Amino acid sequence: MRHYLVTVDDKEYNITIDTRSGSYRINCNDQEISADATFLGESRSLLIVDGHSYEVDVRGNGYDSSQVVLLRGMEIPVQIEDYNLAQLRKTAGMGSAAKIQKDVRAAMPGLILEVKVKPGEHVVAGQPLLVVEAMKMENIIKAVGDGVIKSVAVTKGDSIDKGDKMLEFE
Amino acid sequence: MSRQIKKILIANRGEIAVRVIRACRDQEITSVAVFSECDRSAYHVRIADEAYYIGPSPSSESYLVHEKIIEVALSCGADAIHPGYGFLAENSVFAQKCVDAGLTFIGPKPETIALLGDKLQARQVAIKAGLPVTPGFEFDIDNLESAKREADKVGYPILVKAAAGGGGKGMRVVHKPDEFAEAITTASREATSAFGDGRVYVEKYLVRPRHIEFQILCDQHGNCLHLGERECSIQRRHQKVIEECPSPMMTPELRETMGAAAVNIARESGYIGAGTVEFLVDEDHSFYFLEVNTRLQVEHPVTELVTGIDLIKQQFHVAEGKRLSLTQDDIVLNGHAIEYRIYAEDPQAGFMPSTGTLKNYRIPAGPGVRVDSGVVIHSEIPIYYDPMIAKLSVWGQDRMEAIRRGRRALEEYRLAGVTTTIGFHRVVMDNQTFIDGNLSTRFLEEEYPDNKYSLLNDSLKQKAAIATAIDRFVKERRIMTQQGKQGESGWLRRHRADTVKHFSGSK
Amino acid sequence: MSRQIKKILIANRGEIAVRVIRACRDQEITSVAVFSECDRSAYHVRIADEAYYIGPSPSSESYLVHEKIIEVALSCGADAIHPGYGFLAENSVFAQKCVDAGLTFIGPKPETIALLGDKLQARQVAIKAGLPVTPGFEFDIDNLESAKREADKVGYPILVKAAAGGGGKGMRVVHKPDEFAEAITTASREATSAFGDGRVYVEKYLVRPRHIEFQILCDQHGNCLHLGERECSIQRRHQKVIEECPSPMMTPELRETMGAAAVNIARESGYIGAGTVEFLVDEDHSFYFLEVNTRLQVEHPVTELVTGIDLIKQQFHVAEGKRLSLTQDDIVLNGHAIEYRIYAEDPQAGFMPSTGTLKNYRIPAGPGVRVDSGVVIHSEIPIYYDPMIAKLSVWGQDRMEAIRRGRRALEEYRLAGVTTTIGFHRVVMDNQTFIDGNLSTRFLEEEYPDNKYSLLNDSLKQKAAIATAIDRFVKERRIMTQQGKQGESGWLRRHRADTVKHFSGSK
Amino acid sequence: MRHYLVTVDDKEYNITIDTRSGSYRINCNDQEISADATFLGESRSLLIVDGHSYEVDVRGNGYDSSQVVLLRGMEIPVQIEDYNLAQLRKTAGMGSAAKIQKDVRAAMPGLILEVKVKPGEHVVAGQPLLVVEAMKMENIIKAVGDGVIKSVAVTKGDSIDKGDKMLEFE
């Protein structure tokens, strides 16, 4: 038997998958679910829950907590953890499973047009940090929360690759 | 004056190259693709009759290099060049070089492209042709202070636009006088980078306009007609994402008036071929000339679906010097069509471009569904070009049927590995303001101020949760047992024994 | 009398189940799929709103079991059943059971199905409705000698047909009296196996007829119209493979006469819903009633493409008891459409069914192309059912444009792992007799007597040879070096250095 | 360098692929070919020969001589052999590389409706051997050439799987 805590948007799902009786049983938030899943290769599967049919594509590393589920044309971000580990984490007061993003990294390759902050500077959510040209468009990278800039790894005119660190918060 | 086109080089890539190649094949014209380094196995290369390498991946070293393209065209014996949209489509210098090399450029005359491509001159042509224009002015970027005073006279908000612009590049809305200087600087810099021309000008900014454009078609013998309108009000970053034909606000009378205006500016500028006259329409139905796009538009399929006319075939026809075989009375709008642009972008992140490899790619099909796609499974989305990877267009007997069919087709679309606008479109199709046809170019910012596009309800959340749990369970088990390499897992094989319960409906 | 349908169970599989599910989604009706063991992950299951297991793979244990289907329909709250074509579509007993269970059967009344499904009774109805029929007779299978004498009177060649038949099953052409007895026996045995009804009858066999059928549509209020004809002369084993609308031989006058005849038999039989009246047309344009198919036809998309009318939507409309909103004058045929049936069959081996897994599957798209497919990549083609896996339909402004577009779309179709009829269709599209529209049901045997379908010329042979050599070279090298696991081979990486020669055009 | 003999339909192609100069060279029947190939995964590749573009799918085992090339909507049967081995075979008078089919095997699963021949019987090309029901159709299996039946492996009513031997010729 496996026991997971799955978080979708604001909702938590406490899901057990049990094979001990010889057949598969799914329990979701204390409710028995009649579900059938057929694997279609890779991360794709066909899920029939209570007669309702969904072709799903679960993307993400098989170990990471963050997954994206493609379902009926929507990309749905989902967090999954071992249930007991999640409880332990919660008791220890560690907040969300998602790591707090201290680094600001490039989402795609581009060119730094402008650096608008300096190390030590205190910024507020929404404040512009960098201007990056990517795919011929100027994109303004804004702070997602309040914080203090620890270091700036790029200067105007730098070419950056996807994943490159551009800034670090303290 | 008429010469038959037998071989066309398509100076483009992606879905529009595929579209033009298909049109060539449909008309028994030999198609020639060109490709850059990263497009070596792109879909347009695969389906063309011939394909030639033209340089490294950056478009400035391949798709934008006039000489390379003309050299390939001459050496392979093409008699015409179709520029698609973007890249060299509205470049009058390139068009002239084609003509000089003895190649038919499929588009208007170079001088018409130059005239209408300069937004400032185009405004003058529009005024001469009797079209209403928005209040505005041009100015010298070195004399910002006087420009600022003129802007005060026009009244804020104002719009800064690149004279050479298009596609939302080099465009900025300015709400307050103290943002004026920075907006001018940024817009001019972006325009320089995108078009090599930093000139900008200023127009009155209409707060809640609709973007409505008319498709025009003119031959070399003075015949000119319009093929009705397209409404393209759903925009992000001043770029269209959803287009439809007809506009839900259009009346037959207004269509006749605006269509006549579109034909007038076409005649005034000596237009030849297919083009688009764009207007802004205010809430009181007054309309203002915006610009002329001297090329095929991205959104041409909605017009094709509603009129039954193949616009690229018409371009070929006109480029061969033939007279239009259609008259204005032949243009009948039947039903309703909607186009969804599938961008490799993350709508939740402000439509930030995304890149990656298509791990799964299955297009929707069936009645009333048309897909123009530039990618196939395993395609990589390169960073060098526009992030639009495909267009989905649907047709319905009426607008509501088109919306329903759009929902269906968007849900059928299976694409994994890259974040796209598919889910965004699906969300908009359930938006009551959209369904009511109450559109404006500010639709997205008004309806989704926080960029949160979601149709998630508790039932779908639960399904996503269960799907993730099962996926994780199977992956963990696979690792543990080293079984299940062949797609079908032990889960399934065991589970088959239980299936009768699904038939019996018990739960 | 009118009741709105909110949820439909589709008692079928494959492309027609997908087609009906799409129609449901397009009209905001909840769709319910049913599936057998081997169809667990079939495409119709994936795109339906709901899906229920109904039994083992053989259709006799799943798709043909009346009780299971009705039980699922009742337990999931469906208010109607759409039978598609094949399986239970023309089974009056099943239709009656649906009615008895309070479910709307989307099709004609059970008694109409029974009446017209019996080919012998249908002949009588046709005669009563004033339709011309071919000379022929019925007989007792135990009295072969008298039947043989009657056959002599009709004159050879004659055609033996199953009274309960359809789809070419239980049908045999007899050229000489001494083949008569064996043909009867085989046809009767095949009919017993396929329909559980061994009755056969005999008709005069027309040597070079065209197969032309009329689409009819009737409501429950006595309104009945036709939607023009389809020509389905290209057949193998008496089964259609290519269909088109309109027929290249049709004149407006003949269309009116034959269309009126089709409407007459529909009225005579109290027909409700969509149906097809089939005729044979002789070289002198005289026509003979063949049979009525009391269901949607496989080839309905060509009618939809040319009339713009969604036939399944019309079926829903009529089944809800509503009046037709169309009149005969609304039916305008615009352009030309051709449908290609993609069968998992080997044309070179006499269209022997083939099975396997789809290793590669990419459907054609773009303007004027419609695909109705029951499969996706990795689908297995099961042995249990009809080997048709998809339908490709193309539309053109005229027949020649449709043919050219057909060639393009067939070449775009990428399907590997299973032998199909795609290449066969491509060959036929270059056949001059086909292009000339000079069709008959004997087209294939006359044009391709040895089943050799090929467009190979020396240039293509050379390309096939080079492709095979390169493929072999890369595979050998991969084995030797244990490199190239990731699709792109060393071949490519090395070769990129040479690519400028392709641009320069030198060789 | 590798040297192949490729047979397509009635034509033979003597093809060498040469990498010794550091770049790839293809020679086909003593003609230098300007060709570029991009592998698309599995057996699929994009071939550009003298500017002409072909997406091809070469199916078949990597060792067998019989391959099927999917090209422009057509399925083209192709034979490929090592050139020198083919020459050896020809000199030895071994005829075609394809094995002579002594066995008649089921092309697909089905049901034997009738067996029309007996061991020892002499049959001529085109003569019916078996009647097999597959996909609800009766299929008559006919002799592809003249010969003598060695053995019959099936009887009426047998269910057969794809590849099952039904008959053997001497």
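Note that the chains take the letters A, B, C and D in the order they are written out, and that residue 1 is the start of every chain.
The rule we apply is simple: contacts are C-beta pairs under 8 Å (C-beta built on N, C-alpha and C of every residue); 3 or more make two chains touch, one makes a residue touch a chain.
For clarity, every value in this text was computed on a predicted model and none was experimentally measured.
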Pair with more cross-chain C-beta pairs in contact, given C-D and A-C: C-D
Distance between chain centroids, defined by C-alpha means - subunit A, subunit D (Å): 51
Centre-of-Cα separation between subunit D and subunit C, whole angstrom: 30
Approximate Å spacing (C-alpha centroids) for the pair subunit A, subunit C: 47
Gap in Å, rounded to a whole number, between the CA centres of subunit C and subunit B: 37
Multi-partner residues of subunit B (at least 2 other chains): 40, 47, 52-53, 76, 378, 411-412, 487, 499, 502, 505
Multi-chain contact residues (two or more partners), subunit A: 36, 38, 40-41, 48, 51-52, 55
Chain-level touch network, classified as line, ring, star, complete or other: other
Interchain contacts, given as pairs of chains that touch: A-B, A-C, B-C, B-D, C-D
List of subunit C residues in touch with subunit B within their complex: 18-19, 22-23, 25-28, 37, 40, 47, 52-55, 68, 71-72, 75-76, 301, 304, 308, 310, 334-335, 362-363, 365-373, 376-378, 396-397, 401, 404-405, 407-408, 411-412, 487, 496, 499-500, 502-505
Parts of subunit D lying in touch with subunit B, wherever the complex brings them together: 36, 38, 40-41, 46, 48, 51-53, 55
Residue ranges of subunit C touching subunit A (in the complex, touch as defined): 33, 40-41, 45-53, 76, 378
Contact set on subunit D toward subunit C in their complex: 2, 4, 6, 8-9, 11, 13, 15, 17, 19, 23-24, 26, 28, 32-45, 47-52, 54-59, 62, 67, 69-76, 78, 80, 107-109, 133-139, 162
For the subunit B and subunit A complex, residues of the former touching the latter: 169, 186, 190, 193-194, 237, 349, 352-355, 359-360, 383-387, 410-417, 419, 422-423, 425-427, 454-456, 458, 460-476, 479, 484, 487-489, 491-492, 494-495, 497-499, 501-502, 505-507
